[in-house]
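Input: structures, listed below.
The following pair of complexes shares a single chain, chain A, combined with chain B in the former and chain C in the latter.
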Partner chain A sequence: MTTEATSLVRRPADSPPGAVSRHHYRAMRFVTPYLLLLPAAFLYILFIVYPIFKQFDISFYNWHVFPGAANPFVGWGNYKEIFHSPEIRTAALNTFLFIVITVPIQMALGLFAAALVTDRLPGRGLWRALIFIPVVTSWVVVSYVFAYIFADQGGLANGILSIFVGHTVHVDWLANTWTGNAVIWILSIWKGIGWSFIMFLAALDGVPRDLVESSRVDGASERRVWRHVVIPNIRPTITFVTVLLFIGASQVFIQVYVTTGGGPFDSTGVLLTNAYQQAFSFFSFGYAAAIASLMAVVVLAMSIVYIRLMRRGSNS
Partner chain B sequence: MSTFIFKDARNETKRQSSARRRAKPPAPPGLFGIRSWKKSRLVLACVFGLLSVFPLLYMISLSFQPTSDILTSSAVLVPTHPTTSNYVVAWSGNGFSNYFLNSLIVALGTVVITVVIASLAAFAFARYRFPFKEVIFYLFLAALAVPSVDLIIPQYLLMLRLHLTDSLLGLVLIYSSENLPFSIFLLRGFFEAVPKDLEESFRLDGASTLRVLTRLIAPLSAPALAVVAMFTFNFAWEEFTIALTLLNDQSHFTLPIALTFFIGAHQTEWGPLFAASVIATVPSVIVYFISQRWFQRGVSLGGIR
Partner chain C sequence: MRVLIAFSTLVFGGAMFGLANTGASAAAKLKVVTLQYWNTYNVADKEGYTMEHVVIPRFEKLNPGIKVHSQYVLYADLLPKFIASSAAGNPPDVLRSDIAWVAQLAQEGLAVNVGKLKGFAAIKAESLPGPLATTQVNGKYWAFVCDTNTQALYYNKALFAAAGISGPPTTIDQLLTDAATLTVPSKQQYGLGVDGTDIWNMAPYIWSMGGSFTNANYTTASGYMDSPQTVTAVTSLVNLLKAGDIGSDFQGGASAVSGETGFPKGEYAMYIDGPWAVPTYQGANFSDYGIAPFPSGAGGSVSTVGGEDNLVAADGHHVADAEKFAEFLDSPFAQLAMAKQGDMSAIKTDAAQEVKATPYYSVFTQQLLTAKIRANSPGYSQLDSDWSNELGQILAGDVTVSAGLQAAAQEADQALAGS
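Moving on to the complex of A and B:
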């Protein structure tokens, strides 16, 4: 084989163990990991780490993108403005509602579906594939599909409603605040279940079956088995999924941008649609950066607190 | 020598997995006990499966409906007169094939860069000891806590300064950076699972570091690489916000942005929109089904244990 031939030619490891080559080998051993990390570190620092700090920096200025324009320093001014803005209050409320409604439902339905499919169900592979499909579809595409399902003319939602009511109805779901919000929630839950489902499925597969069986032999009811064996075993996954869903839900953007566009009158807007509009429609980059920075800090702090609480809970 | 050992190891794992597959019928009692699969479970699984795919099936149906079906006041589930005209309109209208190509270039470029760079980094974390290793690793992971859309303003300003707005390369670089933390995290777990003595026999034969990575670690970690490739492809293929912000010139637009063109100020071309949506969905579904066979193993071994 060719590999045999080349390996006979160059064998640095077999060369006489002189001090120089050993020194060289050690140096390589020391430098190699850093060389391997270099490309990743370069991209990561330039496009992720630097922007994080830049964002905080911008948030203290009245920042403009136009070349030559002055960017006056305003201190905490942008942050003060956030707390006095009625649009931000609505957006914060909508973001909060989005998180508290979509995250628990995605968790519960994902876990339920995973428990259904986990073992001894015919066609497990098929169910797994089907339930995960919404995750791989594009946000823009499914947002339009749901916008049409909930359209006032020819939409499926009104069609189904008409059957129950007995006459044709034309509810304009996306043009009202609460129905518009509800459509955004339903869409996001539908698209998100598959992800928590696949995470929980992997975790349930890792639950030791003999442990489940022995507690069952001891006469534990199904509910007790779940509460005392299964749930404690998948606890790390529960924490992980909750935190990632929470972070994901806090950055809800595309589905709002595409379906309601934040309307009517900004009443379905969320924090990021607001920040985006401030930056790229009104060119208030400093103010928008302040919104985004504040969000990142709050989300990070809450994630850390939650992880700490879950850790303490599992230790006791 | 090492190649033979390696082949043996590979056959070994193959034999084990086929043995596992054969041993499946007398499976141990599951989470629901012996008499576990009742009809109700099957019915519920059906409901979940159907609800998951229904909106997509509906989208496919809509893409074949003539305008008369789409704009009636009542909902039409199955097209009365199926037509492919929506596809013709969508594909021929203002440079759709161009947008498709742009998306493909961006997605494939992102996959290649992410897989290569994340593999190198994961290899360092999995196989070397060096000062501050875990600190550096967690610094990489910290980005998972920062929502990607959250950084769009400073990233936009940075790209302006680098003259990378309005370029597909700029998109590829940002997308790759966003995907690095998760990919490194997943690959590290897999790379660590490759037996040390296999690597040593490779090294004894004088294989270089890169050779160990490409000939030993990577083939044995195929499931994880497939999962990383799938996630990255889908991320880049469907990404909307960053592309919308960075791209100005219409000739550089990607598919997700092109879809918004069907929404007019006064009238929406739903038929062509859904035909375009089907076209945009097909590649991600294909990639998903290709990577499906490795998927479960990739998630359960690499992710959270």
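Moving on to the complex of A and C:
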């Protein structure tokens, strides 16, 4: 079979004017992919790369976002302040708790649901849709819905509690540190299960059926089948889901901002609500940028470590 | 071919004629300036409706060529949205700003120095001193007063009668004693409701008991926020809380019920609130209550000045027209129209008139005479947050009153210095 390329290469030297020379062809072949990538690369640099570098830049200044304002250089001052702030300690703890609680539960429930739905469950499509629907809903909308459910006055949660207790109950769920945090965790898990479910569903569909069946025929228990056949086969998906959920969880913001607003006394605040407050209430844009930059470095580092550990585990 | 040429000419000519007409009308439209007015007037109630359908049309009639678009923004979103739009060089022309933001926005260079305007002197002379002070930073005026309010003492007449108390407390000592007398744990009835630890809610108690938050220039908190008088004032409230005489709203937390919710249900016998609570109670058919000036203590009867100011954006596209509109909002027509909807006038003569139309304003206008403004400093938001968080720790028993207030004062010093 002769390709267009070989026909061009074999074109004689006395080919008519206008024909593409070999040199020109090679140059075009080299340049074309980059030309095609250029629009996307331009947008990527403009909206992703530049803001990231700008954010790091801003974090070293007492920055004013307003045109014409002077921005004094403060060096590592904003970063030093982070390590001395009690609010940041609380926010970091809440962010950490959010990650360690919501990520494993989302993964476990997502995998569990995917395992159930793959096994010839009647109405499989319907179940898929029902589990996935929360993913496509708006964070703001569902956060408000949860805020109403857990409202102290007329909230559904208090209504149900009142029925069980036998008298009217007024629990201000969102104004207490632990109940407020719990509501945020429940909301995030409920909304996030669908995504890990779909990921695991696709991964489980890719597990060789004959391998699973032959293991069962050979007498392997269901637990052993999962441990030695299924899990190793979906390990890349587990890594992928973990890393993305970890990155997403570290950026928790909307649900906290809408439901508790970080209160009471900043006790349910997370790193991004703190950064938002610093920027838009106290106008400390440099400090807010330092928080965001530090978060980016930590999350990136932890993601890299986790991926390497998983690769090492996979190779061994 | 001729038909084609004729047809093309017709189409081309028509298009050019249309374009010319559009251009002419566009030119005419260009002469009309549309101002953007961002505010928190709720469009769902009469307040927003009055601004859009009564006040603005009147201004537009008086100022042909200027249209005003009133944009409702959620309170929580208003400041971030204004900052973002200002950073992008596209702020609204006029912002109805919380009085607590004016100093911050002025320091950032986002507000026009309206003190230099010709019409400002007359408005300044007519403005109530408290609201006027909220517009002043470093000796210059950065906004027009818009509306004002303050908090007074709401008391439940039936609960007072049941406890054998003839009338509302007039002194702080009476307030503390009455709070204990009016508390009935078996009925989940508290003598006093305090709606939070932030300065807006705490200041009447602190100031009236002789305490303070900062010095007069708002440059330092140490020696004021942790002064013996402030410690005594906070200790009085902490003791009431420990005795179970203050309701759950003070600390927030599980089962906390706000003053406005708990008061008509008899959960709180007394609490402080602004004039906006009256329409709420009217709507709920609750009328067995009275409103009295905040009780006097060592510092007098001192409440907090609240309200909004109208700020002209320095980077707005139509600054001169925006100044006209902001000035108009202080006219008797605009002030009295909005006063009918719950926005107390910040202009002396209109404030006197509005009491005739709305008698329950009289207590609040009386209270405004001694009301103080919160720290008029760019660092106020941070200071308020520091104070509130430390108070939370004091109420939780994590730190002593004096230690907590010292910590709050040190943090507040940084906020004021940083500003």
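By our rule, the second predicted complex is superposed on the first by the 287 of 316 C-alpha atoms of A that agree within 3 Å, B and C clash if a C-alpha of one lies under 4 Å from a C-alpha of the other, contacts with A are read in each partner's own complex, and residues count from 1 in each chain.
Methods note: a residue touches a chain if its C-beta (ideal position, glycine included) is under 8 Å from a C-beta of that chain, and two chains touch if they have at least 3 such contacts.
What you are looking at is a predicted structure, and each value in this text was computed from that prediction instead of being measured.
Student: Would you check which partner chain A:H64 touches, where first means chain B only, second means chain C only, and both and neither mean what they say?
Tutor: It touches chain C, and chain B stays clear.
Student: With the two complexes superposed on chain A, say which partner A:F280 touches: chain B (first), chain C (second), both, or neither.
Tutor: A:F280 contacts both chain B and chain C.
Student: Using the touch definition from the top, say if A:F146 reaches chain B (first), chain C (second), both or neither.
Tutor: first
Student: Name the contact category of A:Q55: first (chain B only), second (chain C only), both, or neither.
Tutor: first
Student: On the A-aligned overlay, A:P264 touches which partner chain: chain B = first, chain C = second, or both, or neither?
Tutor: The second partner, chain C, only.
Student: After superposition on the shared chain, which partner residues are touched by A:A203: those of chain B (first), chain C (second), both, or neither?
Tutor: first
Student: Between chain B and chain C, which one contacts more residues of chain A in the superposed model?
Tutor: After superposing on chain A, more of chain A is contacted by B.
Student: Which of the two partners, first being chain B and second being chain C, lies in contact with A:V171: first, second, both, or neither?
Tutor: It touches chain C, and chain B stays clear.
Student: Where on chain A do the contacts from chain B and from chain C line up?
Tutor: After superposing on chain A, chain A residues 65, 153, 170, 276, 280 contact both chain B and chain C.
Student: Please output the residues of chain C touching chain A within their complex, sorted ascending.
Tutor: 76, 79-80, 83, 86-87, 89, 104, 108-110, 197, 248, 251-257, 261, 315, 378-379, 381-382, 385, 388-389, 392-393, 415, 418
Student: Going by the contact rule at the top, pick out the chain A residues touching chain B in the complex.
Tutor: Per the touch definition, chain A meets chain B at residues 1, 3-4, 6-7, 10-14, 29-30, 32-34, 36-37, 39-41, 43-44, 46-52, 54-55, 58, 65, 113, 115-123, 126-134, 136-142, 144-146, 148-149, 153-156, 158-160, 162, 168, 170, 190, 193-194, 198-199, 201-207, 209-210, 212-213, 216, 222, 225-226, 230, 236-237, 240, 244, 247-248, 250-251, 253-254, 257-258, 272, 275-276, 279-280, 285, 288-289, 292, 295-296, 299-300, 303.
Student: For a test of understanding, state which residues of chain B touch chain A in their complex under the given definition.
Tutor: By the definition above, chain B touches chain A via 1-3, 27-33, 36-37, 41-42, 44-45, 48-53, 55-56, 58-59, 62, 70-77, 116-118, 120-121, 123-124, 128, 130, 133, 136, 140, 143-158, 160, 173-174, 176-178, 180-181, 184, 203-207, 209, 230, 234, 237-238, 240-241, 245, 256, 259-260, 263, 270, 273-274, 277, 280-281, 284-285, 287-289, 292, 295-296, 299-300, 303-305.
Student: Using the touch definition up top, name the residues of chain A that touch chain C in the complex.
Tutor: 64-69, 87, 152-153, 170-173, 175-177, 179, 261, 263-267, 276-277, 280-284
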